[in-house]
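The structure appears below as structure tokens.
Order of writing sets the chain letters: A, B, C and D. Residues in each chain are counted from 1.
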């Protein structure tokens, strides 16, 4: 059972790390701010989400697991909001430039 | 397991470091904000991985604080950014 | 090289960086920022010293660590006061930069050259 | 890879410190400083200072970053940008020389530190049982070196008085800040409604676990202060007029309780801030509970700044 959970951790954390890679590559390579924002939210939500998911079997106690999930939810909440706010600021800036 | 978790933390930090090039280069304020955002979630992920690796449960509390304050800071940064809402 | 030693060298470099920026920057806001960089360099160095005092079962010497917490909070309050002074100055004065004003005796000369 | 975990933050911190100091654009420098604070948090965990990491996460990155970016927004760009012609060449050379000299001396001093390192950790742990708290850092802050913490609370209060005293005459006793407005159905208002309840719980939790685990009143109070400021920025609440009596009472109550317990110690335990045997833990908890709201208010109002509007508005 423990070995199975460890495999789960390896896979989930590894996939999460991959999404951080994807987010960074997108942030660096995509052509404009709005597409870069798209790449960033993948790293935020999926990358951190999978890392949290993978760590769940490794923490002891229900409270610590709950805290991990709360962290993920908080980051999703704030990144979704910040993403909207950043996109709106970008749109305003573009309208001003036109 | 410990080595794997530490390596994963190091990898995420390295990714974040690469993403920071956006903070340095810009060109727009939006890009700088995004890179700071990526650093927030990447930093939290690295802390969680490192904390699990060294077996220190209280690192989770640091991540929790970081998640809240990063949310506050990113909202404030967008609000006060030159291209954002006028304060 | 061990991790703490690397951090100590980085801290020493940060103090130097901040000091240089603090002296040459003409903008008070940037001086405050540079001062915070100096401060965090000092804190980091003190943190390395705390780490060196670690014994079994405890991550570092708690006395310097407690002083660090006090230091970070006091540095914040000093920064907040400095920023408020700066913002008030900006309300009253046409500019807040500390660049030397043009020589008083020859205002016309500077005007024609610019 | 494991070395990377240690080396990456150290080098990144250096790069961001340099960037925050030398970036042309002031807003970029502030964004760099925010990132810098986040990375310092990671560094503190690696250096075994989880309590310090909490403080850095809350204050160093969060509050200071917001303070700087708010100043950035209010100052004209030409005042805060860096220009190549800022200082003359001789001054630059002298400054560079001074900076390199200081850095070299510090690096030398650190490398020459004695081995084994001097430490007070065994003493701190040996007397931990007498204080009744489980976190040695809390024991240092509130028992061994309680005087520092008391003076710190007073320093914060003095800084706030200094900030308030910068108000123009017409606004004296009025409300700090410009009175932010935002769309009441917008995203800012949404997050300012959802986040603060969670933040309040987390803040009080961090405060409460401080007795036995990393955490404490400063960190908890900072989280609570940030949540209050968030509702202010979204226009949901307004900063109170600084002349309000209840506000002033709350601000001084924490330090006053601290001083009063110190004086009681002088009478009951033979030394100012000494705790009578067996009463240490309850008295520490009373001080912490009294300080928490005072600190949260002080930190939030420091960030709100000098009063700008008369109390009537």
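Things to note:
Here is the rule we use: a residue touches a chain if its C-beta (ideal position, glycine included) is under 8 Å from a C-beta of that chain, and two chains touch if they have at least 3 such contacts.
Remember, it's a predicted structure, so these values are computed and weren't measured experimentally.
Ranked by C-beta contact pairs, the top interface belongs to chains C-D.
The chain with its Cα centroid farthest from the Cα centroid of chain A is C.
Separation between the centroids of chain A and chain B, computed from CA atoms only, is 10 Å. For this pair, chain A with chain C, the centres built from the Cα atoms lie 32 Å apart.
Averaged C-alpha coordinates give centres for chain B and chain D that are 19 Å from one another. Between chain B and chain C the centroid-to-centroid distance comes to 23 Å (mean Cα coordinates, whole Å). Annotation for chain C: no residues touch 2 or more other chains.
Listed for chain A are residues 70, 74, 77-78, 81, 85, each touching two or more other chains. Counting partner chains per residue, chain B shows two or more touched chains at residues 11, 16, 29, 33, 35, 40, 61, 64, 68, 70-71, 75, 79, 81, 85.
Counting only pairs that meet the touch rule, the chains in contact are A-B, A-D, B-D, C-D.
Here chain A touches chain D in the complex through residues 70, 74, 77-78, 81, 84-85, going by the rule given at the top.
Within the complex, the chain C residues that touch chain D are 3-21, 23-27, 29-30, 32-34, 36-37, 40-41, 44-45, 47-55, 57-63, 65-70, 72-74, 76-81, 83-88, 90-91, 95-97, 99.
Within the complex formed with chain A, the chain B residues making contact are 1, 4-5, 8, 11-12, 15-16, 18-19, 21-22, 28-31, 33-35, 37-38, 40-42, 44-45, 48-49, 52, 57, 60-61, 63-64, 67-68, 70-71, 74-75, 78-79, 81, 83-85. For chain D in complex with chain B, the touching residues are 1-5, 8-9, 12, 15-16, 19, 23, 25, 27-28, 30-32, 34-35, 38-39, 41-42, 45-46, 50, 53-54, 57-58, 61-63, 65-66, 69-70, 72-74, 77, 178, 180, 182, 188, 191-192, 195, 198-199, 202, 205-206, 209, 213-215, 219, 222-223, 226-227, 229-230, 233.
Across the interface of their complex, chain D is touched by residues 3, 6-7, 9-11, 13-14, 16-17, 20, 23-24, 26, 29, 32-33, 35-36, 39-40, 43, 46-47, 50-51, 56, 58-59, 61-62, 64-66, 68-73, 75-77, 79-82, 85, 87 of chain B.
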